[in-house]
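First chain A sits with chain B, and in the next complex the same chain sits with chain C.
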Partner chain A sequence: MEVRPILSAMLRNKTAPLLIAAQVALTLAIICNALYIIRDRLSTAARPTGADETNLFEIRFYPHRPIADIRGMQIRDLEALRAIPGVRSVAWVNQIPLGQSSWNIGGLTTEPGKRDSNIQATYYFSGGSLIDTFGLRLIEGRDFQSSEVVESDPRKERAEPQVMIITRALAELLFPGAASVVGKSFYLGGSDDAKPVRIVGVVERLQSPSAPAGARAELSMIAPITYLDGYTRYAVRAEPGQRERVMAEAEKALLALSNDRVLLGKGGFDELRARRYSGERIMAGLLIAVTGFLLLITASGIVGIASLWVNQRRKQIGVRRALGGRRVDILRYFVTENAIITTAGVLVGLSLALALNHVLVGAIELPRLPLIYLGLGALVMWLLGLLAVSGPAWRAAQVSPAIATRSV
Partner chain B sequence: MLKMQNLSKVYRTHMIETQALRGFDIHVREGEFVAVTGPSGSGKTTFLNIAGLLEEFSSGEYLIDGVNVAGLDDNARSRLRNEKIGFIFQGFNLIPDLNLFDNVDVPLRYRGFDSAERRRRIEQSLTQVGLASRQRHYPAELSGGQQQRVAIARALAGSPKLLLADEPTGNLDSNMARGVMELLEEINAAGTTILMVTHDPELAARAQRNVHIIDGQVSDLEHETRRALASLSTTPEAV
Partner chain C sequence: MFRYYLSLGFRSLRRNPVLTALMVLTLSVGVAASITTLTILHAMSGNPLPHKNEQLLVPLLDNLPADNGNDDGEPPEQLTFMDAMKLWEQKAASRQTPLYGLSPAIDSGRADLPPFFTEGVAIGRDFFAMFEAPFLYGDAWSAEEDARAAKVAVISRSLADRLFDSGSNPVGKTVRISDNDFSIVGVLDSWNPVPKVYRLIGSERFDTSEDVFVPIRTAVALEFDRNGSMDCSSEPPAPGFQGYLQSECNWVQYWAELDAASSRSRYADYLLAYVNEQKALGRFVRPPNNRLYNVGEWLDSRGVVDDDTRTSTWLSFAFLLVCLVNTVGLLLAKFSARPGEIGVRRALGATRADVFRQYLTEAAVIGVVGALIGLVLTWSALAYIRSLDASLALVTRLDGTMLVTAVAVSIAASLLAGLLPTWRACQVVPALQLKSQ
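Moving on to the complex of A and B:
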């Protein structure tokens, strides 16, 4: 390999190689981080909610006028929904995973009167079984008993639940290192009159409606509360393959029961997920476009400079051929020259990528860049360089040795 | 060393067909110093290109050092060129971004010699042309005569049997030209066959044999005729 003479010749004309190497370095730094952000955002968007997403849907209504007998309405609605063939389980719910609008309670603590706790969890409640209706996986304890369900009328005094089912993530946060949390108690805030809430069950996973990035998404708890509000939201779990039909029939059945309410919306998790993560998808799409654009610009730069060098050195190429260089030797010369520039750019780019990641970790809560992305980025840049230079190098290899004897 | 029989070269474009060489016969023996002369457009450069395997010919037969060139692929031609032929060009054709050492190294790398052998040959050939002390200099730091000496060193480094020189003194003043010519004569005296294309009858006269090309055909001139031609073309003072 004629690396040394190529390098020493390059050092006599540094500007163009330096510019290309800088372009490679910058592109590498950006694409490593961009690819990582894309992957991070897409994997965030793909996290399971813990619910039986395939078969579950929600249907929401809002009343035209005040409803006198809310409890009766809920009972009739639930019965009508259960009567639809293909319905597996139904529950009134205050919120639904990925629904974006959420009820949260902060200051959760295991010590009474502790006011400085920063543990916050999303607060699901229902008079029915969310374990059955959402299809949650109970990993410890039990579901609620009907005697534990309390009624809460927002127009009157708020009812306090005595028992709670929490997620594993919340259990680990409240009781770090505990082998079992069933039977343990915690408080919904640090006020003096806060009463203990006993944990009766732990579910593996239940995402909050907002589903923020990171572990906070699974800090959820479920209370056995029948909430008497005119606004109604039902979660319906259908038998496999029945969801679309059941959803259409549910709308008809509920509107037939009462015409003094309007349908606010209905839909499955595919729609909820698409709505919740549209920002992540747009960002990932933009980053993919920027990455593609950067790679194109860098490849164009390499093609441009390599083509220029081939044109400038036609005579020199002819002389090399006249002195015994084979076509493959000329091809190898330009590929080696490009590999030297790309390698220099890659080495600088790796440091730049780490520096950029350091900034992003602080700015957008991005985890540290795994080294595999640096390796992947370097490989992409090398392949890009090789691909970009192959055309000009091939043209160089076709230069006739006879050009060496031409006077112009 | 070099034998061409009934060789022809035709350049074709979609409009025109040009016969650059036709019925071309020449036989250069090992150790000869042959000057090739002829007017512009007579086919000298075409002959040199074909002799140096830089171009292919259209028909006929060409043997170099006993090897029939016809039918050789590009790699084989390159290998043959590298091993048997040294080139000296009118414009020197040194690579400006490489120092003298690396310039002379170019054909040796293509030959596949190891670094110790390449170094030995480079130093030996640069010493032969009197430029060993300047091997880290770049071509632009040398005079025209010195650059041509480097080009000769580059041509010699691979120990070729045949040296092809294309107007080797064409870009030099008379003093430098004389020096280069003396160097070529020394090289020839050491056994290397030289084929030199020149416009200069005085230089041609110093060769052992003169070949004249007109309209793509060759005519060997007798020694006396060459002398006469040389004296006619020189000034009375020079005579």
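Moving on to the complex of A and C:
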């Protein structure tokens, strides 16, 4: 390999190689971290809620004048919704995954009177079956029986549920290592009058409405409560492929039943997901754009400088060709030269990437960069360098040996 | 001479068009990325009431039970209704207001405008003066109307335009709010403090202002439901709305305005005295743990600027740095292609300083062109972000400061990038160049 002549040529003209190396280093440092943040955000935004998202939608109403018979209204609404062809299951729900506004209960504990528990879970409740309507996967125990449903009127006394269904994530947090939790009890808080709640079932997954990043998103519990509030939110699960039509008919049917209320909104999980994760998506989009432009700009920088070198050395290239150098030797010269510069840049860039990650970990809640991203980034930079220099190097190889005989 | 250099610079843009286009593009993309993120950061970290920063205060009181789990040592972020009303009645500051969010139903009675819900707040009359809400018509309600829970309301200009003929003065007319007739006493002109400092809890930080403002006693008497967050450390003593009024649940926000910043410690003393007085009645079982925030401190403590915004600003400036290095390389390539021209100029009597000025001017011209394209790109990027997330509409506006900053950043970047190539151009030895030609 002709490394020594390349090195000595570079040492005589240090500025341009240093600039390219610096650019490679900075680009590598940024794209390693950017790729990691992009992956982090996109995987957060893609987590499943545990519900049958493609066929489920919600429809929400709020009364603009007080409603006297809320129980009757809920019964009539549910009947009207079930009568729509293509409806598989319907339930009144207090909240919906990714819906963002949520009921939470903190201080959950398995020991009565323990006041310093920091386990918090989101609190779903419905008079119907969320397992059927959301399409949850029951992994242990059973769904509620109709005798277990309690009625609660927020304007009067608050009714307490006796039984609950919880998610696997919550079960593991409340009873670490337990093989089975059905039949076990826990308490909603540590006050002396807190009554035990018995677990009758465990579902594989049910995300909370706020769906925070990390494992907290799946700490949920479901109670069998018919809640008599003027605010109504129905979850409707349609037969496959019929969601759009059912959604339009549901709105019409419910508005025809009463004019004391206003439609607040309706929509499927595609909309809920887009709204919940708009921040994550903007961030990922911005970083993808930055990464793309960075690679483009670095490549253009390499092309620019390499073309300049080829132009400056036309005569030397011609002399070398005239002295018996083959085209592939010229090609190899420029590719090797570029590889040396890129490698130097990559080496500096790896430490820069770690330093930038260190700053980001300190400034924001970002986990430390896994080493695989450094390897990936380095590989991308080498490929980019090779790709960028191939054009100018090929043009250099085309320089005719006859040029050596011409005086400039 | 400068104008001549300038025209030379513009003419030189056409030379090496590919190289020049790359440079301009590099610079403009770098400027666009950094100005886009900076615009958002600048708007998010703004203080809408800088001249009242020291006077407007948020008091927090610690009414948590003695053995509270999950304890971070901070008091709840809002007050109980009881405490907010007692502080309001005692009028220890020159102005004060409690506040809670509403989502009132508006029924115009018109067939073409069915009932709809909007955003509102229940407040005291001082609110308008404290946060400098601009009145288009009418004025705030009186203290007497506050006291007797009169059905009066101040509405926004956009709600007035929706309900009545636009341009007419609706003061004195009636509007039906959540099944009750309210008399309109004032209309607020478009007014969007960014961030919405007076309601950082239970509302979007960068949302527009509410449509309906009603006296808090009226809202409570009519049992207008709260639209916002509530934290209960114990069960309310009674069910329903009345229970919340007597409970230790924290759901009311509170603001006080002092005459001069020096009396802040006196207000803190007053709060301590209030807590001790309540302790005697069996409340506030924990050691006194009050907080008092001014506007800037409150914005900081609520974390108005999120981590993502900060990260993207950092990253986009790192991006600009790469663009800068790239421009240095490209300028070097461009300038070093014409040593002959420099040699001739130097031989004809131009000093090194002249050459330096000429080439730096040429670099600045690239900066100017880059700034123009960069601004177009910035404007499109902001429009794109707005289309993705409508709640960011108020923070994605390009204002005069940012326009100037964009041009300044671009020219500064191009001058910085031009320094090394220009210095190298000055090193050209005229004799060598002339000889080789």
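Simple rule for what comes next: the second predicted complex is superposed on the first by the 384 of 408 C-alpha atoms of A that agree within 3 Å, B and C clash if a C-alpha of one lies under 4 Å from a C-alpha of the other, contacts with A are read in each partner's own complex, and residues count from 1 in each chain.
Following the convention adopted for this analysis, contacts are C-beta pairs under 8 Å (C-beta built on N, C-alpha and C of every residue); 3 or more make two chains touch, one makes a residue touch a chain.
This is a predicted model, so every value here is computed, not measured.
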item: Which of chain B and chain C A:G106 touches, first, second, both or neither; value: second
item: Contacts of A:L356 with chain B and chain C, given as first, second, both or neither; value: second
item: Dominant toucher of chain A (residue count), chain B or chain C; value: C
item: Which superposed partner A:D116 touches (first chain B, second chain C, both, neither); value: second
item: Contacts of A:R327 with chain B and chain C, given as first, second, both or neither; value: first
item: Chain A-touching residues of chain B, taken from the complex the two chains share; value: 45, 48-49, 52-55, 74-75, 78-79, 81-83, 87, 89-91, 93, 95, 97-99, 102, 105-107, 109-111, 138, 154, 158, 166
item: Parts of chain A lying in touch with chain B, wherever the complex brings them together; value: 2, 5, 8-9, 12-13, 315-316, 319-329, 400-402, 404-405, 407
item: Residue ranges of chain C in contact with chain A within the complex; value: 19, 22, 26, 29, 33, 37, 67-71, 103, 105, 107, 114-117, 178-179, 234-235, 239-241, 306-308, 310-312, 314-316, 318-319, 321-323, 325-326, 328-330, 332-333, 336-337, 385, 388-389, 420, 424, 436
item: Complex contact set, residues of chain A against chain C; value: 15-16, 19-20, 22-23, 26-27, 29-30, 33-34, 37, 62-66, 106-107, 115-118, 120, 153-158, 190-191, 262, 264, 278-279, 281-283, 285-287, 289-290, 293-294, 297-298, 300-301, 304-305, 307-308, 311, 356, 359-360, 363-366, 408
